[in-house]
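Please find the structures below.
Both complexes shown next keep chain A, but they swap its partner, so chain B is in the first and chain C is in the second.
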Partner chain A sequence: MKELAGIGPLALGKLIQSRAISCVEAVRHSLEVIQHREPQCSTFLEVTGEQALAAAQKVQKRIDSKDERLSPLAGVPMAVSDSVCVKGTATTCGSKMLEGFRPPYSATVWERLQAEGGVLLGKTALDEFILGVSGENCAFGPARNPWDTRLASEGSAGAVSCGEAFYAVGSDGFGALRRSASFCGVSSLRPTCGTVSRYGLVAGTSSLEQAGIVGKTILDCAQVLALIRGKDSRDSTTVEAPALDWKISLRGLRIGIPTACFEGGLDPNIRQAVLAASKQLEALGASLVPVELPLADDLLPTYYVVACGEISSNLARYDGIRYGYRAKDVGDLMELYRQSRSRALGSQIKEHILLGNFFLSGEGGGDYHQKALHARELIRRGFEDVFTRCHMILSPVVPTAPRTIGEKPGNLLELYRQSTFTAPAGLAGLPAATVPCGFDSKGIPIGFQLTGRPFGEGELIAVAHGYQMATDFHQRLPGEVGQ
Partner chain B sequence: MNWEIVAGVEVHVELSTHTKIFCGCANAFGAEPNTLICPVCTGMPGALPVLNRQVVEYALRAGLALDCDIARRTAFDRKNYFYPDLPKAYQISQLHRPICQNGGLEIETPTGSKRIGIRQIHMEEDAGKLIHHPTQPCTLADYNRCGVPLLEIVSRPDFTAAHEVIAYLESLREILLFLGVSDCKMQEGSLRVDLNVSVRRKGSGEQGIPTEMKNISSFQSVGRAMVWEGARQIQLLESGGEVLRETRRWDDGKHQGFVLRSKGGAEDYRYLPDPDLPILEITQEQVEQLRSTLPELPRNKRARYQREMGLSSQDARTLTTSREVAALFEKTTALCQHPQEAVNLIVGDLARLCTETATLPENLQVDAAKLAALIAMIRSGKINRTVGKEVLEQIFFRDADPVVYVAQKGLAMVDDPALMEAAVRQVMEENPKSVADYQSGKEKAFGYLVGQTMRSLKGKGDPALINGILRELLKG
Partner chain C sequence: MKIDSALLEGLQERSRLRLTQEERKDFQAGAALLLDEISRLSHLEPEGLAGAGSPSRCVNVLREDAVEPFAGPDAILAQAPDRGGRYIRVPKTVDQGGKV
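Moving on, here comes the complex of A and B:
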């Protein structure tokens, strides 16, 4: 099955449809790669091989009987982040708090993929409750970046990068999924807020989170988005988004360049690669216009105040009473709460809960939080204004090269700064895409990000796809371990 | 003594919607523990609330009936606190943008009517119940009640006497019952009252520090708690102490309040707008449509009964204590065209039957057409009132058809004078002593003879006719 290495999910889907390869063979291939890669990359928290083979057999039967409801991705082995609830399968969201938790329900995104013939290989590692910079913050050990296993990654990006899974769906909260995709040399797509149901995605920062998709190419992501998007009666924040169309000419598209982002502390390798990408897009027919991001200095504080408040509220349900971790040998109720939460939640989570409680406290329901919500509204309107001058904004994904696992950040703020470019999409509910566009001096992939107008996914996909047609960064594969 | 007690109430009512406020679970009382639950109402990871439209409709109905301003945009907030009966560790409620505000309710007091302000009405979800194990040292949690829709109706601190609070609560309950939004059963917890009490020097207009009283089980005990707590605060202040902001528990048996917890400053619920629920827009059309379908409220009914039907205020009040009784009265009256007869039947014998059989008004199942037929028979003289009572019982217990029943049992009045005279004569023959007594001036004997005649006619004789015939014959 070596010939499947490097092949994309759409091509594999075609092979399966034409019965050149069976679904079971495809799953066996993935399981072999997983077995080979996991000892070094540990991208999966749980591999559900038996279930995957059984599911593959079922999908194969539907293919054999020419079931017309199957998607072009039917039978293609894939993964979901461990934030995605899958009925009866352990779902921890990277936290000791949910160790052993098996939800009696599935997330809408997984239900939709399953109905279209999705075959699940397992659950991938991620930051505890989707709160982190790089995936390092997983209670069960971080997934590794297949390009350099000293680096952490979200498991979904790593798994697609090294060919274990053909695509993956997870949660994009603080942007770790986009950042990981960028460092792993794969593509990612975060849709407009409300486009994809959040039902069954374990919630960290509800209003800032969306489903995120990882694929080798942006077209892979686009195909997956087409399957999972749409209003969901179980998530009242979903909307009926306009039709998804990415057959758009680059000619006439205006790409905003936030010039200030390319100054200051930006890593020179990143600056060079992303600016080169912008030139490439210009050569393909798009025009570049300088823009200024709204309330640029307030973006991160706003982001963190909102995020901490929601984290503190969302995670309060983990009290040791109904499911998940429960401290033993405690005297009374307060002690049960205290010990369960103290022992099972990670230090970064606790830090954010404490901050959130502080931001929400006070007369009138939390002045900090109220102010942040106000600032958020101003930021949203500011982006509306920016998008009167351009169709999308091109930026780096991260300002600096990734830290190796265990390397301490200078301070917390430096860590937060990693979210500089990924935060706006969450704050203003905008779509964003990342694609690989080069390598740094250590050979670690670099990517650029496109942040679009609400429901502008089609434009982002068109531009990213145009870029990938003209470049081959997305086709490079990480070498074997140690190289 | 120049103190004044000032009180306000927060009333929680459980709405009688089919399903819960944010999920599809049935909204029912008394089911086996933890059988009416799902991932949403038990706050499982990733589950999301979806607002039940019927809850909004019920809240709007209550708001319109209580003369409130309706928000054009209303939103939900999370009220965060830890307790094992609250699975998400927050209650979805409304703080910043409640659905209804600035309403009021007129109550009757001995010195005339008084308007009690309603600050706001908001929608929220109920919590579960903790049950302490009867034999083992542990606590069990029942989450069936989680997500049952509640309205919290917050009055302004406009009460200065216990009877005002009681009148307000009775009136509020009546209105909610007539709107059909809640069954308002205090004993099942579908109506709960929290009382805020403070005291101030009369005429000072200032606001004293209030305490909150919970666990009050009847309207009367709300009044008792208000008086008791007011007296406690006055005594405290007069002896140089100060009132602490605290939550107290009312023990009606001991007729005393106890400190439940001290608030030590305001409680901090770390409210935040719920990011899982979008802002709800309420259109003018929606409001007008609901307004046009509001039922006539008890207060208006009472006025109409007195004005148009000439009922006494007492009867009008009795008829409007429940929606079902008022409806029965109106239907019966429409059919028999005689409101006072309908009142006599419903407020008199039917009410007695209900009391005797402990039938609640909402469970009363009596066919208005049958009552009307019964009234027609009484009014036409076909049966007398004694028989009428018997027929009513048959309607009440067996849903009998009054006309058929009277015919089958031969209960129609004896209106043949010859037959009646024969009966009278026979009674006189059998009771010569009574006849002699009457004739020697003992008027009491006359009543006895009428009674005997009625008995021989099995109650079907017209008492006026019997009187006439008996008097004639006794003259000799």
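Moving on, here comes the complex of A and C:
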């Protein structure tokens, strides 16, 4: 089944619909790739092969009976990150605190994909409670970047990059999914806040998190978004978003270039690749306009204070009592709380919980949480103003090249700085797309990011798709470049 | 803005966490650098503008707080990992520990 290497989920869906290949054959192909790749890449925390084959048989029956409710992606093998609850399947969110937890319900995103014929291969690795630079901070060991296995990656991006899964859905919180997609040479899409239900996604930084989609191309991501979007009575923050239409001409679209983002400590390889991409988009008919990001100096501090506060509140529920890890040999209730949390949570998570409590308490000489909420509103209004002058903003995804696993201990400031370009979408609830646009001197993929106005996913998809029609960076496979 | 040892003790107590000596050292070093960055926000004056806790424009609509008959105890009991008759069975709060 080698001929399936490199084809996208839509093409595979067509092959399945036309009976050129069966759903079971497609799953067997993915399981073979997983068996071959996992020893080096470790992108999955759990592979549910038997369930996938059983699900494929059921979907095949629906295809054979011409079930009209099936989507173009029916029968296509896919993965979800381990932050997505799947009923009866272990869901750890990359933390020993949740080791062995099997949720009694499924996330809405998975229910919707399943209803449309999605076939789940398993759960992919991610940073503990979705908090990290790009996958290194998983309690069960990091997933590896297929382009260079000395680098970490979120498992979803790695699995799509090396052809284990044809697309993946995870959580976009601190931006690690977008950063990993960029480092792995695949595309990603983060929808506008409220477009996709967060019901059943393990909560880390609630107001900053959205479901995130990874595919080889932005059109893959768009097809998945069309399946999972829409109001959900179980998530009161969801809305009926406007119709998703990406058949939009690039001519007349204005792309904002935040010139300050291309100065300072930006890696020269990244600067060159992203600026070259902007020129390509200009050649395709879009106009480039210089813009300034609102409260540019306050974006990261604001993001971080909000994120720490939400992490500390959300993770307060993990106390060793109701579910998850429970410490042994403790004398009293308070000690049970302390020991369970101290032993099962990773250092980085503990640091952010402490910081969150620090900011929320207002101790130490500043009411920074109130200031951050105030800044967030100003930033949101500032983006409304920016989007009167352009339809979207183009930026790098990350400021620097990825570091190798264990090269130096990650510290608080590293995660802070790596969030430079991914933070604004989370803070203001904006959609964002990332697509590959080059390689650095070591052969590691580079991507650019488009951040759009609320419910502007169609415009982002149109521009990213136009770029991918004119370039071939998204068609390169790990092993062809660098190494 | 600084997290000294006394403040860290209080934060650990409130967070129900206990850091090892090494974790404490790493945290204080990293936090010092980070808080320098965060202190950029000190110029903001939050008065006069409601802060945004969420990017959502949704307005919360509350239904009337009225008592209604509840017909689903069996559905709730069916989701419990363990049950004894009409009750959800849970582990002892302080026991031998391990996974639950």
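Things worth noting here:
Following the convention adopted for this analysis, the second predicted complex is superposed on the first by the 469 of 483 C-alpha atoms of A that agree within 3 Å, B and C clash if a C-alpha of one lies under 4 Å from a C-alpha of the other, contacts with A are read in each partner's own complex, and residues count from 1 in each chain.
Everything that follows uses one rule, which is that contacts are C-beta pairs under 8 Å (C-beta built on N, C-alpha and C of every residue); 3 or more make two chains touch, one makes a residue touch a chain.
It should be emphasised that the depicted structure is a prediction, and the values quoted were computed from it without experimental measurement.
Once the complexes are laid over each other on chain A, chain B and chain C cannot both fit and instead clash.
Shared-chain residue A:Val202: touches chain B; no touch with chain C.
Of the two partner chains, chain C is the only one touched by A:Thr302; chain B is not.
After overlaying the two complexes on the shared chain, residue contacts for A:Glu377 are found with chain C alone; chain B is out of touch.
Look at A:Tyr337: by the touch rule set out above, it reaches both chain B and chain C.
Once the two complexes are laid over each other on the shared chain, residue contacts for A:Asp319 go to chain B and to chain C alike. Counting the residues of chain A that each partner touches, chain B and chain C differ, and the larger count belongs to C. In the superposition on chain A, contact is made by A:Leu355 with chain C only, not with chain B. Contacts of A:Pro402 after superposition: neither chain B nor chain C is touched.
In the superposition on chain A, A:Pro104 contacts both chain B and chain C.
Of the two partner chains placed by the overlay, chain B and chain C both lie in contact with A:Ser236. It is stretch 62-70 of chain C, out of 8-16, 26-34, 44-52 or 62-70, that runs into chain B when the two complexes are superposed.
Residue overlap on chain A between its contacts with chain B in one complex and with chain C in the other: 104-105, 207, 236-237, 312, 316, 319, 321, 323, 333, 337, 357, 361, 363, 365-366, 373.
Residues 39, 42-51, 77-78, 80, 82, 84, 87-90, 95-96, 141, 266, 268-273, 275-278 of chain B are the ones touching chain A in the complex. The residues of chain A lying in touch with chain B in their complex are 83, 85, 91, 93, 98, 101, 103-105, 107, 198-203, 206-207, 233-237, 309-310, 312-313, 316-317, 319, 321-323, 333, 337, 357, 360-363, 365-366, 369, 373.
Contacts from chain C toward chain A in the complex involve residues 1-3, 7-8, 10-12, 14-19, 23, 26-27, 29-31, 33-35, 37-42, 44-46, 49-56, 58, 60, 79, 81, 91, 93-100. Residue ranges on chain A touching chain C, taken from their complex, read 99-100, 104-105, 193-194, 207, 236-237, 239, 297-298, 300-302, 304-305, 312, 316, 319, 321, 323-334, 336-339, 341-342, 345, 347, 350-351, 353-355, 357-358, 361, 363-368, 370-378, 380, 409, 411-413, 416, 426-430.
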